[in-house]
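The structure appears below as structure tokens.
First chain written, first letter: the chains are A, B, C and D, and each begins at residue 1.
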Amino acid sequence: MKRSVTVLGGDLRQVWLAKLLEQDGWSVCTWGLEKGDGIVPVPLHRALESEVVILPLPVERGGKLCLTLTDAVLETKDLWPRLQEDQLLLGGMTGALSRQLFLEYGLTLLDYYRREEVQILNAVPTAEGAIQRAMESTEHTLLGAKCLVLGYGRIGKVLAHRLQAIGADVTVVARKHSDLAWAEVFGFRGVPIKELAGHLLDVSLIFNTVPSLVLDAPLLAETAPDCVIWELASAPGGIDRDAAAELGRRVLDAPGLPGIAAPATAAAAIRQGIYHILEERGESF
Amino acid sequence: MKRSVTVLGGDLRQVWLAKLLEQDGWSVCTWGLEKGDGIVPVPLHRALESEVVILPLPVERGGKLCLTLTDAVLETKDLWPRLQEDQLLLGGMTGALSRQLFLEYGLTLLDYYRREEVQILNAVPTAEGAIQRAMESTEHTLLGAKCLVLGYGRIGKVLAHRLQAIGADVTVVARKHSDLAWAEVFGFRGVPIKELAGHLLDVSLIFNTVPSLVLDAPLLAETAPDCVIWELASAPGGIDRDAAAELGRRVLDAPGLPGIAAPATAAAAIRQGIYHILEERGESF
Amino acid sequence: MKRSVTVLGGDLRQVWLAKLLEQDGWSVCTWGLEKGDGIVPVPLHRALESEVVILPLPVERGGKLCLTLTDAVLETKDLWPRLQEDQLLLGGMTGALSRQLFLEYGLTLLDYYRREEVQILNAVPTAEGAIQRAMESTEHTLLGAKCLVLGYGRIGKVLAHRLQAIGADVTVVARKHSDLAWAEVFGFRGVPIKELAGHLLDVSLIFNTVPSLVLDAPLLAETAPDCVIWELASAPGGIDRDAAAELGRRVLDAPGLPGIAAPATAAAAIRQGIYHILEERGESF
Amino acid sequence: MKRSVTVLGGDLRQVWLAKLLEQDGWSVCTWGLEKGDGIVPVPLHRALESEVVILPLPVERGGKLCLTLTDAVLETKDLWPRLQEDQLLLGGMTGALSRQLFLEYGLTLLDYYRREEVQILNAVPTAEGAIQRAMESTEHTLLGAKCLVLGYGRIGKVLAHRLQAIGADVTVVARKHSDLAWAEVFGFRGVPIKELAGHLLDVSLIFNTVPSLVLDAPLLAETAPDCVIWELASAPGGIDRDAAAELGRRVLDAPGLPGIAAPATAAAAIRQGIYHILEERGESF
């Protein structure tokens, strides 16, 4: 018999996730996604009966379930009591909520987003989205463009690799000797973060992936006036935006890229995380 | 002494071209570009005194000089008599105009755009622009996307190469044995155009670069319903658009990509063409 | 009924060719390849009865059929009278021989090697072979090595591309504006051949693919003492070898690379040429 | 004043290391490298006076200093008493020796080879060397060759990347979800090690980088008879060699690749490790 799963709210990623699970043979129902394409919604009480319930990414904001594709509103404090201990809840960026739900309601909520492999796979829509935006933001081609990638974590790695592939001249800026060695191995110019000052002069595009201050006022002053600076790190980011504004530098944001640039691919990454969770719990699917 | 050049009308490419020539040490003046950024215009009578006059790309439309960055209007029939036989006129896609100006007015008009090297360099902004648009048009990443490139001329070559570099699974469709051999050498799946029917099934993105009918109704019927089809060839293009509409396939256009996606790079290509023209005429610059 | 083909002499490429044709369903027999692996030879009189007879590449040397995998010797003047007008003969680099055989014996001899697509496909084993040899010849990695590719024809294109892919810093030297534009499009530094002098100083590896003198004494004098220079062009090549010897520069040869480095792949290229010949003659296979 | 360093024995890497340090401004002397090219040796007593003494990689074998480029022999038990506590000794793969020398003689011996960044940089000569050997071992081109890389550590990563760049069709086999996600991100087919059985059928080249048994008898039986299997892992490696021999599979070894394939590059990696050691000790150089 098919296993039942509910996709409860979220954004386009959850719409795609529901389709993918259906293709894989699950008995899928959805609630709170009716503006998304092609999934027939069920009433909430039926949606809450499935063995597995997939919550949004992030799960809630301001006490309400994250719902972007419906006019309905659902307070999470009204939701939790309606779920059962033998159901498996899966959500994104659950943080302290997992523990709280377990203590208060005995519910099992696992995080499908904070898994290493999901984060890695998500770096691709982020990097492609950043490249798309960068193309939109400049009157030059990326071929031959001098680009600086600050940080060589997941997003830095994939972005640097893609920019190079498309013909940009890429410098990777990192702190650790091992990251710089990797950058060199993959054909990038590797620059220790403390030597950054000397490498800003004729750079066209800077992508920051470091979530703490890197580009301070003195460094920003070294950048070219027509340089475009993309902030890809989560808040507070790595750019002194007041200093940038004062200098007249363009600093652009690209929040939520995976969900916007390629929700289908982001959904496939989430699916993979969910299957690994089930596998590790010894559940068939 | 500096040589004098006028950039007379056009679009963002001509604005950039003026800047580039100035950087190279020319005495540059412009007319008809005042909405473009930062170039001080001169009155028309002064603009027409330079040794070299650079006309737009294309030069005229409906008897008027192509002017997109000014409110002024200039009938070409009023322009030609004001130019001199010892000036060098350079324009884009001049076609029959060169011969006509020479016969009627004794003017020398050469085409900076139809040179092989300019066309090749222009394939890059076209390919990057197509990739940017393709990213915007799909909810999947290009990584892993099955893409079909129809035609292996200048744009087909660069586009296929860039798509592959960014991780797409690229099939090149061409007619000539030699083109298919090249495609194979560069790691693409090469498919003779007459065997295209069997390779459409699960393709996500099709890019046509062939300016005569390739994707007819029967072939379109083989494509996946959610396939996105980009027309990159000049009119009449290679897609039966009525059939596509009837089948509900998305066919998207991207006219004028080089000038839109990367005018600075397109300008650099034009500059290269201009310099080669001057070199071949034995002129210093 | 299966069509019959004889592979008559040659080297490892012909051994592989025989295997490939057998896999494709031909009735294959061979003669003169018995030191090659695994193909049962037939007596010469039987070998000459097939509908198609495939001759070596090149066909003959000094009046004898090119035989490298047998102790037998076969004078071509004894061979031609034993073949029939209704047989199809296919050979490599047949040159004037095709016309001569037709005039003297009424025989049809076509060249499977001089076809554009075969030459293109053969550039791959040549380029890979050159990379293998280059790796053997230097104590540095190709990653980061400054390489110069002289000429941007078939071999130059593939070699430059592969060297770049493996991480070398590649400069392409060519004469034509269009070749230099292509080089730039694919991310190489493009240098006009007349400006070569300024780009030799710290180059580690030079690959010449131009069959006429490029690296003369003055240019060789500009190269670094530990530079390794590979001659990949056919005689007389592009390097002044006396001058190189006098300067103490290492000039290395790599003749016959496709047949040595990857005979199986070279055979597959020949097969493709043969099939296209048959197709163009309207023959099934 | 220049700092003094002695390079004491070793192989071609130490010869190159001495040259590099000299270029960087050190006062370099060597002992035990006289068959290497161009370094003037000094008597042992003088060699032991430098501030920094660089020992081979590995330091010793069977109680003797590793000397491959001299006829001299040096028992390490005779060496240690001649060194001073205020000298800095640097060696490769020092293991327990560092502790022993400190306890017995008060000497400081640090390992330049086991640093993360040196290991990473060393993956390049290893990968290039493996590609060179693989090219030598097969009659096909790497373009289009189905390759399997077992393990996605340092060497697996670089090797997979280079094989792909040169046109091979690469499958990465790994155990961890995160490694498989990375493989997918970089365009490889990722196969969990437990599903390896189904992916061996038509593979041409297998590269093992896992130092414990992966390719056991049942898996080897699934490989193609003409498959070539390279063992790149340190002993005992990942291949059941008895089973392979019985099945007639070619298993090839490539020990010590960095030092053989590209000693100059391996030396540059070691130099980097040495400089980072000095930097971390607060020493100028």
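What we mean here is this: contacts are C-beta pairs under 8 Å (C-beta built on N, C-alpha and C of every residue); 3 or more make two chains touch, one makes a residue touch a chain.
Quantities reported herein were computed from a predicted structural model and do not represent experimental measurements.
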item: Joint neighbours of chain C and chain B, given as chain labels; value: A, D
item: Chains touching both chain A and chain D, listed by label; value: B, C
item: Chain whose mean Cα position lies farthest from chain C; value: A
item: Comparison of B-D and A-B by number of C-beta pairs in contact, larger one; value: A-B
item: Whole-Å gap separating chain B and chain D, where each centre is the average of the chain's CA atoms; value: 50
item: Distance from chain B to chain A - Cα centre to Cα centre, in angstrom; value: 36
item: Contacts with two or more other chains, residues of chain D listed in rising order; value: 124, 143-144, 167, 184-185
item: Chain C - residues contacting chain B, complex; value: 115-118, 120-121, 123-124, 158, 161, 177-178, 180-182, 184-186, 272, 276
item: Residues of chain B that touch chain D when the two form their complex; value: 143-144, 167, 184-185, 187
item: Complex contacts: residues of chain A adjacent to chain B; value: 12, 16, 124-125, 128-129, 131-132, 135-136, 138-144, 162, 165-167, 261-265
